[in-house]
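Chain lettering (A, B and C) follows the sequence in which the chains are written, and residue indices restart at 1 in each chain.
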Amino acid sequence: MLFFLLMVDNLSLLFNAPILSAQLLVDGILIGAIFALVAYGMALVWGVMDIINIAQGEFVMLGGYVTFFLAAAGVHPLYTVPAAAAALYILGWALYRTVVFRVVDKDMFISILATFGISIVLQQLANELFEADVRTAESGLGSLFFADGLIVVSQIKVVAFICALVLGATLFLFLKHSRLGRAIRATAQNARAARIMGVNTDRVFATTFALNAAICGAAGSLVVMTWLVHPYLGLAYTLRAFMIVTVAGLGNMASVILASLGLGAAENFAGFVLGTEYQAAFVFSLLVAILVWRNALLSRQRKYLK
Amino acid sequence: MTDTTRNVLLYALIGLTGLLAPSLAPAFRIQMALLWMMILFALTWDLGGGQMGYNSFGNVLFFGIGCYAPAVVQRELFFAVEGQPQATGDLATISPAFNYFNGFALGLTLAVIIAVAVAAGLGSGILGLRGQYFAICTLGVGVAAGEIASGWDYIGAGSGMVAPIFPGHPSQAALFFYYLFFVLAVICFFTLKRLYASRFGLAINAIRDDEDKAEAMGVHTTRYKAIAWCVSAFFLALAGGAFGHLNNFIDREVAFPGITFGVWMVLMAILGGKGTLWGPVIGATIFHVTQELFWTYLLGWQRVALGVLIVVIVVFFPLGIMGWLREQWPEKFGETVDLEARAAPVSLGEGR
Amino acid sequence: MTPILEVQGVTKAFGGVIANDNISLTVPKGSIVGLMGPNGSGKTTLFNSIVGYHPVDRGSITFEGREISRLRVPEIARLGLLRTFQQTRIYGMMSCLENMQISVPDTRDGLRTMFSKVPPAVTQQAEGLLEFVGLYAKRHLRAGELSFGQRKLLELAMALMHEPKLLLLDEPTAGINPVLINSLIDRLKRINADLGVTLFVIEHNIRVIMKLAEHVYCLTHGQLLADGPPDEIQTDQRVIDAYLGA
């Protein structure tokens, strides 16, 4: 009961102070761009390899740690983004060559479980090696003030937002115009036909998986600069990415971005209204609600999510 | 020796071992109690994942409801908890043992009612999802439940809550919980055995193999799926209730252990062979025994090892023990061809 | 003859493509009716509309005088209108016998029948029908181990197990050994005559449909082109043109 009173209180606060809403919205949109990166990577792997990568969030987490440790060694965090991407590219490649290639053509549940296993290994390794503490990397950038200081936006969030968009655009152009990008898209449409036409699909798969890991690594690097990182961060990012892809569909960049920004904003509002202790609960419940809702819509046409 | 006598002997042997085990090895009562719990976990997971093809990562939800409900009942009716007012009324003045068992029984009943109601309600929405969407949705359900529990003050939020101490010597407590888990696992096994032998078993297998076909044949798929999910919830809630009281302390980590129990149940069922009756039993036994024997040497690296184990089993041994045996010797599993045999012709032309 | 199935003015479009355009046809009770047409002419779409696989855009479909175009697949199946699939569908991990046992209609599925064991009478009927399609010896094999043709026969037997009033067969002879086609036609005729099951059959093979059907409808480009007795259709210039792509 008390909880609901509190909720109503917070809601009315939002109505009475629209500037607060603006602040939440801006913060949400800025983090949304990072979600979009992770989701686009997931859509790429899903579309090309028909694998839902549960270890997606763990790649983000590890990217965050790369930046954290390099920053601790004195490198400015912004310069560590390429390093995080490179490190994760190598990890992604290695994981493909050891495990993932064995489950590419298997039943979807097998690949979900296998990548789930990978996610547990990475998460627990991070827990053992880096300890469970919450870490962050200071960028040393200040904040921007708008509307007489009522809206505060830290510069690093803006920088991260721009970085995310640039990274996304680069990836998009790479897929559109490079030779390898075309091979990747051909494989996504029809792996068998691509193989017959002389595309080395195994190499395409390896590159795709590694590329995805690299994108997530870069995203993680931005996450640790703007927020924080800890070993158990991953699952939330995986499920957010899944949610975004489910709403936006595979291979539609514009709707991925839109859904991501929307999710970022929704999450911030929920965190404010329900209290931050329920923000994570909101994200996971939203996943369930969105899936059930999408499925219910489809069931009117006597279909289901496939 | 006929199949029936062999089966009876096998059951008698296992039953007798189960009954005598706590007296033979009193030091390991808790570990053995947990073995039966693991068997129950694997069996209930396999009902959905193996037999029906609905691979759930969220079954810990029902376990968690089971953990919390009896503890809340005990707190509200009988037992004072630090920081909470002492329950009043006549009941509270009777002996602690009487209170304990009555509260426990009442709590288990409530746990089952809530868990089955949640399963039915939630199931009507998410059982419409198929394949990977169902799997990931249930993953979300399990984690969301944990997050909600860790924010909800009524059940202790992040700091958790205590269940009352067992009224008696700890060794008696161990004995009580051992037999509780033993009986639960045995009932669960025979319930599922009976269910699999019925039309229900055929229907959920059909849903696993081709749900669209089952619908096209007019099978009430929604109904069967909901029932299967509710049966899982029923047994998991009971197991959760017993585990919560055995553990005395309940918080999000205990009640919604997605990364341990939640993953183990899947792993044990796959290791033993999913979609078979005995597979989960065998898988759970092997997993639990090896875990108890070796995992203490891994010192904190157990969870890393668990992840590696998942990957290895899923990638290299997805059929599991029973599945592999069946692949090797299909005729031992009744897959035979008898070319000579003829059936009595069906009465065509009765003019139905 | 009273119609068992009446399709009136059914239209179904996918995006901009009109798969079925204002189709009307009638299947009389107790008959064997054929549906033919070149690839992509909308035959399977029409079947899918009839069995409730997708909603129709316009038109009405009545089964035994009852409007079924708004019902869903399992509900229609329980009324006694069943279909087999072009890409045969069986329960691959279950034995052939189990495939048959679960195909008993689910109409009276109260809690009791749901949890009762399969009655011996059902098993007997299942074995008899497996014998009828020549699969009795393999009844304990997993259905997934059967050859494509055998799966088709199993699927047919499963449909019969359901005791349907009307059975929609989507290319029953495709993929079947040509040597066995005649005996399959013979069996289909017995199903119709002895078991009283009305058949509505999609068939590519003109010879098969001439031997089997009493009345034939021909579709092209989603529209009904012609209908009549098989020998008439066979000589209809429009049908010949459609098949030759003229």
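Just so it is clear, a contact is a pair of C-beta atoms (placed from the backbone, for glycine too) under 8 Å apart; a residue touches a chain by one contact, two chains touch by 3 or more.
Keep in mind that what you see is a predicted model, and the values were worked out from it rather than measured.
Trainee: Among line, ring, star, complete and other, which best matches the way these chains touch?
Mentor: Drawn as a graph, the chains make a fully connected set, so complete.
Trainee: Among the chains, which is located farthest from chain A on the basis of C-alpha centroids?
Mentor: It is C.
Trainee: Give the identifier of the chain nearest to the protein's overall CA centre, each chain being represented by its own CA mean.
Mentor: Answer for the innermost chain: B.
Trainee: Take the average of all CA coordinates in chain A, do the same for chain C, and state the distance between these two points in whole angstrom.
Mentor: So the centre of chain A lies 47 Å away from the centre of chain C.
Trainee: Mind checking the centre-to-centre distance between chain A and chain B? Centres are C-alpha means, answer in whole Å.
Mentor: Chain centroid spacing, chain A to chain B, equals 33 Å.
Trainee: Where the CA atoms of chain B average out and where those of chain C average out, how many Å apart are those spots?
Mentor: So the centre of chain B lies 42 Å away from the centre of chain C.
Trainee: Please list all residues of chain C that touch 2 or more other chains.
Mentor: Only 73 qualify.
Trainee: Would you please write down the residue numbers of chain B that are in contact with two or more other chains?
Mentor: Counting only residues that touch two or more other chains, chain B contributes none.
Trainee: Which chain A residues qualify as touching chain B in the complex?
Mentor: Interface residues on the chain A side: 52, 99, 102-103, 106, 108-110, 112-114, 116-125, 127-128, 235, 239, 242, 246, 275, 277-278, 280-281, 284-285, 287-288, 291-292, 295-296, 299, 304-306.
Trainee: Would you mind writing out the residues of chain B in touch with chain A in their complex?
Mentor: Contacts found on chain B: 55, 57, 125-126, 128-133, 135-137, 139-141, 143-144, 147-148, 150-151, 157-158, 259, 263, 266, 270, 300-301, 303-304, 306-311, 314-315, 318.
Trainee: List the residues on chain C that touch chain B in their complex, please.
Mentor: It comes out as residues 51, 73-75, 77-78, 82-83, 85, 89-95, 98, 101-103, 105-107, 109, 113-118, 124-125, 127-132, 136-138, 140-142, 145, 158-159, 162-163, 190, 193-196.
Trainee: Quick one: in the complex, what on chain C touches chain A?
Mentor: Touch list, chain C to chain A: 52-55, 72-73.
Trainee: Sort out for me which residues of chain B touch chain C in the complex.
Mentor: The contact residues of chain B facing chain C are 194-195, 197-200, 202-203, 205-206, 208-210, 212-221, 223-224, 227, 275, 334-349, 351-352.
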